[in-house]
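Each chain carries a letter (A, B and C) given by its place in the written order, and its residues are counted from 1.
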């Protein structure tokens, strides 16, 4: 009986893996076909000849965007995570009167639909002279990332025992010292969750990217859209670009993945 | 007098720095979230149409017109269908995956990564591939999932997906959405399941309870916060989802949603007032789900 | 883990902060140059994808030859028949931060921008370059607003075309493409009995594209034009009859499994699953290029039923925004758009005919040659397309789009006509 259940379990897992990887298979196979044999009807067939031609074609278009997206996503996620850590720490362990009000106020920012605030945001950024380069875009991503990173760290730090904080206070540590020497050292799993989330969000954003930057600073999503969103979509190129554009986020997941689970289990995204 | 002022000063020194550290966030979000939302609400009471901003006052006319608007009614219905199928599906799938992995299997890290990775992919890229998968060609031009069904002998599963002439057509888009987010639900449930202290389960088992009763009475109640957290996140994603619908099949009324309508009606024909009205309503819809949850979770936390 | 966590964090932050100034330095070169040096020109369009950008690239190359000192900043953003580009554009225009030039369909699509004072009156450029004599009168009339001209048309596309595969018609025993929509309906019945879809259809806008040509074929040019300027009553008997015919025609399409895009709809004609498809002449570029078919043998085209001798046109044009950062360069770009060399570089690649009447005919072959002759013939009647922004302003068209989506689902002619009439009145 046990054995049946066990095989059943592995079978179920295998089928699920197929479901999750099937689109990737199609993506990969199409990207590796030579341009002439790409067609939606034959999407499941293996390529008759393996060809990296599609990647070669799209890379020049994606190159600049790649660099821009990296210059955007790395600072944005790092700064965002730091600020979230600070907020999360204060809101859970160094509270002030009204902290329980401040948190929901901050958290609610996570739920606004971005299309709704495009116009006032652009006007605000423009009057602050932050339109055109990547600095404005980074700032916007940091600001709109505050709610989720604050949530992550607050939930995480809630698990930190109060006694440790008290001990630090007794030792004469102020808020900043407690933050840097007590809270941060144990925060890497939460950082992993925050960094993964923010990096992915910044890397995959199209709307703010196309709006706030001038052409030379366009992130990779704009290039991807230009290849895949036009009137006549060359699907071989679209698939190849989609693959290339997804590599960095996949890399971040692979590198930080096990911290991600650890962070989640320590309660980083609960409540 | 001196005693109270030094006490007050000490108290200030206690929480002052904290407030100071958090205040930039509060101020920035005050502008970028609440300020801009306020702008939306303001515009929803104007008659702004066309490229010239107009800040007059027309009362609630935009709202009543919107409720009579047939496309909006269809959108709301679509959103309801999608939310229901998407949340239900993701929860079921995520929970199933968590249960399968919970007791520990070989290659667990591999399975977890496979289930989680779709979250890393942008919705545009997801849409690119799912457009092909959900292709509804037939006969010679069968493609996508339909073709796969044909190839493995499940041809009866053929579907027109999101082009089906039925109000359930939008449920087809729950497929790519669920594909992208079930992994996250799984991670939540897995973390939640593993956080249940083994002693509690052992105690129940020692008392002679069969495994499923252990699950129902011990584990399930402890999963409630996780479930709520998952539902809330999925619900708000469902309402905000735009990229996926946009990139798969924009202009198809059957998968139109308020978020899409807001976008299209604002930037193509220039009905800014109407767009802001939809945005405000969308916001209240999201708030109706989120605010009680936040309230409840902060209160339960305080009680702990 | 002996290394200092604090150190890592500090390092990360430092790196992050380092990156910031590096990103912003170039950005500040761009803004503030209002009367700025005319060393670059930023042009906005939605011709970013393959199949669209070749034409633009060719014209840019010609522009570069003649204006070597000016850097061309091609800010094309693809997507949604321009919705992405239009969103960015609308946001920038409202914030008074316009590009140097932007693409727009010639006709009423520009109306709201003109009203808001976003585009300059460029009648002076027309006078300077003598364009009023070089563009057909019908075109000039269609794009003149209050006696002034605001955009330079680069190309002319034709909307009212019926594409088919000669082999399919032969096999079905049909001798010639239908000359009226009634004839089409008769043929459709025959085709249905042979299990061939009479007319293939694609997403929403293609259904609107079909609608305008049914209305054109049934009502004739004057009443058709009247539909959009208020002189034809939408609730009149003939319009109702035309709309009812439209629903009948839709019944003979594959609407229930509509193709995902216009190309797959054409593919059905190519492989014989469907007999006809109504599409603009950009189909020619697709059939000739991507499908590698020969005109007349592999595919053929006639005017949509009831519109023989009528050119239902749409045109892509460029504007001069008010407050363009590099006005001089922008003007040179517009001159290029309206020049013979520019148009002759652009159009053969794009698969359209030039707006100018004095274009080099030798550059246009097969279908384009026939189209060019018809466009330049004085006996051709010119009307504007609905689906592509000529005869309806954005607001009116937006409401029609919504009403049509509902109409194709519920076939309620009276409700549709009523909705359109109301939309016209509300958005005049």
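Operating definition for what follows: a residue touches a chain if its C-beta (ideal position, glycine included) is under 8 Å from a C-beta of that chain, and two chains touch if they have at least 3 such contacts.
Since the model is a prediction, treat every value here as computed from it, not as a measurement.
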item	value
Contact graph of the chains (line, ring, star, complete, other)	complete
Most remote chain, CA-based centroid, reference being chain A	C
Chain pair with the higher count of C-beta pairs in contact (A-B, B-C)	A-B
Centre-of-Cα separation between chain C and chain B, whole angstrom	36
Distance from the mean Cα position of chain B to that of chain A, given in whole angstrom	16
For chain A, residues contacting two or more additional chains	40, 119, 225, 229
Set of chain B residues in contact with two or more other chains	135, 137, 140-141, 263
Multi-partner residues of chain C (each touching 2 or more other chains)	80, 87, 94, 264
In the complex, chain A residues that touch chain B	9-10, 12-13, 16-17, 19-23, 26-27, 30, 40-41, 43-44, 83, 86-87, 90-91, 94-97, 99-100, 102-117, 119-121, 124, 140, 143-144, 146-147, 150, 158, 174-176, 200, 203-204, 206, 221, 224-225, 228-229, 235, 238-239, 242, 245-246, 249-250, 252-254, 257-258, 260-261, 264-265, 267, 269-271
Partner chain B, residues of chain C touching it in the complex	80, 83, 86-87, 90, 93-94, 112-113, 115-118, 203-205, 256-260, 264, 267-268, 271, 273, 394-399, 401-402, 405-406, 409, 427
Touching residues (chain side chain A, partner chain C) in the complex	40, 71, 74-75, 78-79, 82, 118-119, 122-123, 126, 129, 131-136, 138, 180-181, 184-185, 188, 210-211, 214-217, 222, 225-227, 229-234, 237
Chain B residues within the chain C interface of the complex	49-53, 70-71, 74, 131, 135-141, 160, 163, 165, 246, 249-253, 256, 263-265, 267-271
In the complex with chain A, residue positions of chain C that touch it	5-6, 9, 12-13, 15-17, 19-28, 30-31, 42, 46, 48-52, 73-81, 84, 87-88, 91-92, 94-95, 97, 261, 263-264, 282, 286, 290
